[in-house]
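Just so it is clear, A, B, C and D label the chains in written order, and each chain counts residues from 1 on its own.
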Amino acid sequence: MSIDWPRIGYAALTLFIVINYGMIMTALVRKIGARVSGRYGIRIYQNYIDLVKNIALRSKITHGVMYYLGPVFRLTGGVGLLLFVPTIYGSAMWSNFSFAGDLVLALYFVFFGTLGMALGAAESGHPYSAIGITRGLSQVTVAELPLALAVFAISLQYQTLNITDIVAAQQGGIFNWTLFTNPVATLAALFAFVGTMMRSPFDVVIAPQEIPIGPPTEYHSSYLALMQTNRVLFPIAKTVIYMNLFFGGATNWFEFAIKVFAIYMISVLVGVVHPRFRVEQSITFFLKWGLPVGVLAILLV
Amino acid sequence: MFSFQPDRSQYPAPGPDGKLEIDLETGQYLKLWQGPNHPGMTGNMSVELTVCGDEVVEGKTHVGYLHRGFEKLMERRSFIQCFPIVCRICVPEPDFNEYCYAAAVENLAGIEVPEYANWMRTLILEMGRFNSYMMAIGGMSGALGLGVVGQWLTYVRDIMLDRFEELTGARIYHMFILPGGVRGHLPEGFKDRMEEVLKTAERYLADVDKVMFSNAVYKRRTKGVGYIDPKLFEPYGVTGPNARAGGVAKDVRKDAPYLVYDQLDFEVPTETASDIWARTNVRRRDIDVSIDLIRQILKKFPKGGEVMAEIPNVLHWKIPRGETYIKGESSRGEYGYYLVTDGSGYPRRVNVRGPSYTHAMALLELLIPGTNISDVAALMVSLHTYPPEIER
Amino acid sequence: MMQAIYDRLKDRFQLGALDVRSRKGLAFVDLRREFLRPVLTELRDVEGFTHLILLTAVDWIEDERFQLTYLLNNRQKNLDLGLRLRLDRNLAIGETIHDLWPTAATYQRELREMFGIAFPGSPRVDEEFILEGWTDMPPYRRDFDTLAYSQQTHADREGRETSDPREFMKQILYPKD
Amino acid sequence: MKHMDPNFRKDTKTEFPQREELKPRKVTTPDGQVIDIEPLQDYFCQEPPKVHQKSYFKIVEDFYNWCRAESLWILAFGTGCGAIEMRPLMTPRFDAYRYGIQWRATPRQANLLMISGYLSVKTLKRAIRTYEQMQGPKYVVGLGSCTINGGMYWDSYNTIKKLEEYLPVDLYIAGCMPRPEALLAGFMELKKKIKAGNAEGANKYAEKFDWYKANQKAVIKDWDMPDYNW
């Protein structure tokens, strides 16, 4: 097998574009949230400054090897997720490393970061980290259930596990989107989407008033910078999957930007006006509403 | 559908002295300190929790981080010199300290306060109550992760602070109430500007009702959580909105009317559920009462008059031996000053009875066992405690 | 109203004179130590003084006495009654009432720390409450001088100027005196 | 104001007895092992703080300083009454977020410790610990007159007077209490100081570590933690 150098270069470029897009977009989203409260909000380039500031911190401490690896794993989860999913449909340049079974791999990567984080944060030894981790893992596990079921449903529907093929099947008009061909599966997946975006009502993992601020309590300086990078990258990578699976993918960067932003805003708009669930309440919520919808989606296909 | 109620049989039974026998070395329990550096705490205090899983089995309140020894400092200050420091005892609602202390001094010195000053004091106290509730409800929403309500209500509090500034010249510590009366008259056009503030507040509160009080998640988090048995109200000294949420209409404004409250027309809101939801709801409805009271006060406000009674030379002011207790209804419950004089120019002893003293210590320690870690912050905020009142 | 209650209890518990000088609805009465618990129980269960407003102490150092004040409230009749109990200052041991009002335990903890009055049997009474690592005498006692303590602990900033508030106020308020 | 009692002498002889839970002891773990526990030991590191050098290139350091100034993360730790004016800063009226000022809940991620008002000795202990857990470069701002010279509480037995004897203070904001506008102006001053490269409090703390520790231990009588706790 020969190494496809241009492809790696393009993939790296995708990563670069997406990270920058994420930096701007998360700042924009925070600005919108601030406007709801009546504030002016942070500056649009604030995320870059924070990132450099964190890298430039002079002293760091460590709690062990796993503590180092935690943010690395977390970032790997985000990067891996993005790289194995075609970002722009119909373009050889921006299809990254997508292959026949990439949907399964993507589902795996969604979980990978959380697990890595769990190991790292557990080593940091802070009780709030440990509590945050247990909460996070139990909630993510349940929240991903509807997504898994929805993915089964649409892979049955399109008879493929290749994301590119799924996107291809949705081309040609808005009504070919899974959103309209299989609304139940989309609904199930959106439960999972809102549930894993770390926004209220499902942000008990990082709840500042209870366990400030959950798993990353002990992380600082470069570790935190890594996690910040992941925090702008991972939600977008996840949104790209949803966009590809349910909202017809994107054929150019402009469409990509608009769609990702719109999908991302779903969770923001839900989050800004809701208090947070307790962890067992959110688990019950997903089992009660998310799971049946997911099962229904499979049955309907 | 699923029961997440933990199986209590695995936990240790209470020992012979009624305390849980907790052995941290079994690894079954975790000691968790919340505070003093913790966003969920209501100020600089801390709660030492022993948790088993997600459930708290024991909670101890630790206070004293804000202790300045006010009661000691006042013993070496003359009566008038105490005024700058009394308001600093309770930051979010400082005027109550001024009123109670002034009234206690007037009571022992036998000074009659002019009518105008009484109206002014009532106005100031109601404005302070309004502000304090704004912080309480904002804090409640914050504790449950609904930051936007906190943002709105802090803004409303800010515009009310503007009115304070106009009236008294200061934002937080007003020092407006002195023994014998108040420091100034109502400014020109104050009523109209106050009406504007109240209208804005009502607009924001209508939004808060929609976003917070009718939100399903909020109801799920608060209903049935943090229940206080109304039988415990008397033994644990529960007063104010916390008691009103359990159906006991305890309110010093009604029970023992002071200032001009007997000339005002208002109902004390009560609830029956006695949980977090009921306590917050009582506060929400009390804001409406407060707004209404401010309007009534401004309407009936005397056209003019003396703001200050004749008081003796404050530098050589000696008050004969005696003791008194003056109370009032603050936003958290009964607030009182116990003042003892010995005939000299300095108070012999001042004791501040803050409602948080009973709420945050004995009562909170009673309520915490059995709750979820997530609910501790909400529970604390729902009791509306301000730690400076506890340690002074 | 207060007088009627006082008359009912006076002879049974050998109460001192009723002091109603301060304000309407508030009275203070002296009490002998052995009658503290019966009087409190009687007031709480029969006379309707169910609310313990506060429990505090006053240091009468010239009489070598601590005065414990138990303030009770009867909400229905709108009456406040203060019971004054005198303790020997050198042998300050109070009687715990935490079984009558659980909230009294907190007050007793504070009195233990701030006045050094012992309350044997009160829960957690010897734990640190407000102060931490305090080795001096209890700070609310009259013979503890807070200014002297502060000056012996902390130094003032150099160049600090004090203008005597008494002189300043005299100029502003009473220029003629 | 009453006169001072000239005969009063502070009790300097009594030592605070060590707390029961802080004495070394043997503990049986759940799996049957017997281990020695010394609660006063920090198992990770007890070495004193180091002086951290600036970047080799001045232009890099200047850029870093600009970033540090434009991204001040304040620890949400309200030590005194000044904390009440911090809240309006986060909210629509004053909105400090637009200047790159944000609040963090954990000392690890914060750069700026606001001592919001008087410090009682009990809180001073926590403030020192919190400060040492923060990662450098870190800044301390004293809020209110009471951090400068005791302020209102100049004769109180339980509050400290000069904050800079215990922590390296970069900036004081005077007032009792300072208004939000004063706070914003103070932040702007702090930014100028950081951009000029003068806010080296963490290094100062490391250099004069013994002096700071001696001062801290003079008021905290029950010093029951490691000397340096990161």
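The rule is short, and it goes like this: contacts are C-beta pairs under 8 Å (C-beta built on N, C-alpha and C of every residue); 3 or more make two chains touch, one makes a residue touch a chain.
Since this is a predicted model, take the numbers as computed values, not measurements.
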Would you kindly say which chain has the C-alpha centre located farthest from the C-alpha centre of chain A?
-> C
Comparison of B-D and C-D by number of C-beta pairs in contact, larger one = B-D
At what distance in angstrom does the C-alpha mean of chain D lie from that of chain B?
-> 29
Centre-to-centre distance between chain D and chain A (centres being mean Cα positions), rounded to whole Å = 37
At what distance in angstrom does the C-alpha mean of chain C lie from that of chain B?
-> 22
Listing for chain B: what residues touch at least two other chains?
-> 38-39, 64, 67, 69, 72-73, 75-76, 81, 151-152, 155
Can you list the chain C residues in contact with two or more other chains?
-> 131-132, 139, 144, 146-147, 165-166
Do you know which chain A residues sit against two or more other chains?
-> 37-39, 208, 212
Linking chains that touch, what shape results: line, ring, star, complete or other?
-> other
Chain pairs that touch, all of them, please.
-> A-B, A-D, B-C, B-D, C-D
Which of the residues in chain B come into contact with chain C in the complex?
-> 63-64, 67, 69, 71-73, 75-76, 80-81, 107-108, 234-237, 239, 250, 255-256, 313-315, 322-327, 334, 336, 338, 340, 348-349, 351, 353, 357-358, 361-363, 366, 391
Residue set of chain D touching chain A in the complex reads 44-45, 49-50, 52, 63-64, 67-68, 70-71, 73, 76, 91-92, 95, 97-98, 100, 102, 104-106, 108-109, 111, 135-137, 202, 230
Would you tell me which residues of chain D are touching chain B in their complex?
-> 1-2, 27-30, 75-81, 83-85, 87-88, 90-93, 105, 107, 118, 120, 122-123, 126, 130, 152-153, 155-159, 176-177, 179
Touching residues on chain D, where the partner in the complex is chain C | 1, 4-6, 8-11, 14-16, 121-122, 125, 148-150, 154-158, 160-162, 218-222
Residues of chain C touching chain D in the complex | 131-137, 139, 143-157, 160, 165-166
